[in-house]
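What follows is a set of structures to go through.
Shared between the two complexes below is chain A, which has chain B as its partner in the first and chain C in the second.
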Partner chain A sequence: MLSFIVVTFVLIAIWEGYKLIWLQMGWIRPVRPDNTTMPHVWDMIIELFRPVRRGGDLLILDLAARSFFTLREAFLGFVIGGIFGFALSVLFVRSTLLERSFMPYVVASQTIPIIAIAPMVVVWGGRLDFPQWLSVAVISAYLTFFPVAINTLRGLKSPDPTALELMRSYAAKPREVLWKLQVPSALPYIFTALKVSATASVIGALIGELPAGFGDGLGRALLTFSQQFGARSVKLYATVIVTALVGVIFVTVVTLVERKTLAAGSRDFEVELMTGRATG
Partner chain B sequence: MSDSPVVRARNLGKTFGKGSDRVEALRGIDLDIESGEFVSLIGPSGCGKSTLLRLIGDLVPASSGELTVNGKSPQQARLDRDYGIVFQKATLLDWRTVTKNVELPLEIMDEEARSERAASMLDLVQLSDFAKHYPWQLSGGMQQRVAIARALAFEPSLLLMDEPFGALDEMTRELMQQEVLRLWQQTHTTVVFVTHSIPEAVFLSTRVIVMSARPGRITDRIETQLPYPRTVDTRESAAYYDKITEVRESLRRGDRQ
Partner chain C sequence: MKLNNRWKRLLALLAVIGLVLTACGDDTGADTTSPDTTSPDTSAPDGECTEPDDVRVQLQWVAQSQFAGYFVAQDLGFYEDECLNVEILEGAVEIVPQTVLATGGAEFGIAWVPKALVSREQGAEIINIAQVFERSGTLSVSFVEQGITHPTDWEGKTVGNWGFGNEYELTGAINKFDVQDVELVGQNFDMLALLNGEIDAAEAMIYNEYAQVLEAENPETGELYQPEDLNVIDFNDPDVATAMLQDAIWVNAEWIAEEGNEDIAVRFLKATFRGWIHCLDNFDECVEIVLENGSTLGESHQAWQLNEILALIFPATNGIGVMNESLWDQTVEVGTAVVEELQGVTSSDDAYRTDLAQQAVDELEAEGLDVTGASYERRDIELRPGGE
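After this line comes the complex of A and B, so read on.
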């Protein structure tokens, strides 16, 4: 935490130092040091406490509401994508045939840019009478399932072959091998993926909001403020900072859950618990 | 138990792979192991010792011949949880305590009174003080003792061991051999033990099966005929040395064939 604060101040110092030196020397490359292109950090912060528009809410309150809105979509996408990615990896680890047949499509899915996918999802979602927020969550899930699927699959395959033979010698059922050996072995991999997915889910939600025509999220704010860049660039910068913060908070929460889960001894899964059978 | 031998193999063969990758790991294995025996499999690397053990455990399927375990097919014996197995690597689950590792097979087999059973097994391998420890907090020898406790926790009639002490230092190894003999006598388990060490095979076994490579086959069967309990005195006796010499010469003869 301390190192994070130190780095924050160093970054601010570099930003302000650049402005100072470039202004003194009259340099304009690579970036002009003027207050529109590179506003002062304190101006960005002050902007947060000004009304968005005349008589409106303070920018920070407006952005907080938008963050909450976007985070909710992102979280839903994160959950949907996480479950889908996990399910996919379990299918793939069970059947090499399925893995070989479908893995190329899973990989290909990520080479299609999300801005191409997003409008399609919104249109199809509309046809299917999906609520708009669900369409946005699906767009976000499209980005989040991939790291989970790939990493979980690696994790499920990580146990030593002798550990699998040991389970076989106990005549363990596939379900027991999964929950008592493979999933606990995969947990560190899964959490690595979830951290990537957490940031990806925010990006997915931001982009999904645009074709969905949502005015209440951070996505719209970013778009609007970037169109007003010339007039009031500080607004865009302030919003970018808040957006980044949303991602950081999400990842931090995942990291905390990871620490709790991977702490010695709490990594086990009772098969009985998972399947609702009575414990003996 | 029953009158049929615990392990009965007739003309048993195993071939891995096809075409140019074809490896005939075992050919024409005839072997009877009676209840209560302690049988060691010894032979040069690649002669199929592990493969034979894995055939008995139904971890790989046989290619030809007959094999029964407790009078049943190896698969049925495995499904009936007739055997426990210990590998060279302890293969404990990192996220489980020592106790929970020993309880693993009991959980899968839905056995009752798991913690009591685990506690008494840990008592048997003298690790009660480490019940709450995690595998990485134990020495190699202690980990292997946990693996043995885990293999015996559900009281299988047959214990399969594949070079279980191969990674241990000489001192620990001798202690573990003593320990395994004690467990064998206390639990009346039949043991099939794979090893590279001639003294180890002679010290532990009632019978030593000498094998030879390319193709893997049995070339000799030697009754050790040393009285139990075997102790440090056994290791220093002339009869012990004579047996070691006998096995060594048999191995050399098998190699030349």
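After this line comes the complex of A and C, so read on.
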């Protein structure tokens, strides 16, 4: 925590130092040091506690409500993408043929820019009478499933071959091998993927909000404030800070769940090993 | 057994996820469908409206005063009164209303005429049923030191434009006045390139980006920039006259040909026009309605915008929404001269019809409404820093 605070202050010092030196020297490259392009960090923070417009809510309250809206879409996409990614990896670990046939498509899916996919999903979703928030969640899931699929597959393949042989010699059914051996050993891989997916799902939700025309999320705030950049750039910077915080919070939650699960899981695993030995 | 423990934990986890999901689903669902929850039956005139017609209108951009008429008609129940259940689809990045219309994603779409004509050439069968804006809102803005007051002054200058079909009036003027040595550069929708002096002139909508310049601080004076600091080239100006028609209401040709849909269209136009006319006398209320549709919008900026938008609509020569043919012809003329996709287009007359708008206007006029807004005059709007 202390190191985090130190780094934060160093970053602020670099930002403000750049401003100071470049202003003194009259340099404008690579980035102009003026208060529009590079506002003071404290002005960004102060902006959070100013009304978003005359008579409006404080910016931070407005953004908090928007964060909640965007997080819900992101979480839904995270869950859909997570389940889909997990299912894919189970299919692939069961059948090398399936893996070889479909893996190139899974990889190719991620080379298509999400901004090209997003409007299509929204338009198709509209024709299928999907509610708009579901379209956004699907866009978010599109970014989420890939890391889960790739990492889980690697995790499912990670158990020691001798452990697999042992399971087979017990005549364990494939389902039992999966849940008792492969999934437990894949958990660390899955959680690594989920942390990547958590940030990706927020990005997916933000991008999905734009073509969906959603007015209540962070995406709209980023859009309108970026248009007002020339006149009042601190609003955009303040929104960027909040958006980053949303991602950080999501990842932190996943990390906490990971600690709980892995701690409990490893205890369980040890107990099973011991009883396994006892009965064996 | 241990297995039991694990399954219990998994089940518990699934249950929690399920709960959160349902909560999410319910909440977001309620948020997005809230416009539908108004019950149109109750306030229908004479109880004759038993089943309102569901229609959607696709805007070109996010909620702002540019679309005040639609939001006002929605929020004040003008659509309900016409037995319509209207869903306003806010426009956004990458969403092209013409495409949404062509694919059946909406019944009505708002689009600029030249862009829609290009879409028609590319196969979108869409028809203009109401030309809401009679004047163009596009300007080319520069600081007075540049001395640019006419397109011929662009000679030797760096002139910004947005591309994507937003630049035709500008390229039309370059073509018309035979400007030889001009550097055209792409610009963003913020006005930073102009403010930083990276370009000599910038494209700006009078109701949006032009105001953004006036909401920015002049570092030399510490005050906001003033209109006196700027020169504008207005493409509506008779000396330039390369203005092209902008916001119009379009429909899918197939849809409007179906029985009963012309009637729906007339009712939609009537309610929408009523919304715009309402803003003539209830300016502040209309600004407030727009602001309620977007918390990030600045108050003075939206007041400025509504003021300028009303000036693009009113006075309406033939009554709001009824095409001014000479401006249509000018749009097609400039378009065929400078827009690659429109070259060789000889007749675009079947691209618009005036009968539906005319009927709506006649009915409103019979009620005693001011359909031409002949007396409209711009208000004085004081812009605040950042448009707040």
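Just so we're on the same page, the second predicted complex is superposed on the first by the 263 of 280 C-alpha atoms of A that agree within 3 Å, B and C clash if a C-alpha of one lies under 4 Å from a C-alpha of the other, contacts with A are read in each partner's own complex, and residues count from 1 in each chain.
Going forward, a contact is a pair of C-beta atoms (placed from the backbone, for glycine too) under 8 Å apart; a residue touches a chain by one contact, two chains touch by 3 or more.
Predicted, not measured: the structure shown is a model, and the values here were computed from it.
In the superposed pair of complexes, A:Asp160 makes contact with chain B only, with no contact to chain C. Of the two partner chains placed by the overlay, only chain B lies in contact with A:Ser169; chain C stays clear of it. Judged by the touch definition given at the top, the superposed model places A:Leu181 against chain B, while chain C stays out of reach. By the touch criterion defined above, A:Asp43 lies against neither chain B nor chain C after alignment on the C-alpha atoms of chain A. Put simply, more of the residues of chain A are touched by C, taking chain B and chain C as the two choices. Legend: residue contacts after superposition of the two complexes on their common chain; A:Gln132 is shown touching chain C, with no touch to chain B. Chain A residues 180, 264, 268, 271 lie at the interface with chain B in one structure and with chain C in the other. If you check the complex, the residues on chain A that touch chain C are 32, 34, 36-37, 51-57, 62, 69, 72-73, 75-76, 79, 115, 118-119, 122-123, 126-127, 131-133, 180, 210-216, 220-221, 223-232, 235, 264, 268, 271-272, 275.
Residues of chain C that touch chain A in their complex: 2-3, 5-6, 9, 17, 20-21, 24-25, 27-29, 31-33, 59, 62-63, 89-95, 99-100, 103-105, 189-192, 195-196, 208, 212-213, 215-216, 219, 291, 293-301, 384-388.
Listed in rising order, the residues of chain A touching chain B in the complex are 160, 162-163, 165-172, 176, 180-181, 184, 264-265, 267-268, 271, 280. In the complex of the two chains, the chain B residues touching chain A come out as 54, 57-59, 78-79, 81, 83-85, 87, 89, 91, 93, 95-97, 100, 104-105, 107-110, 112, 134.
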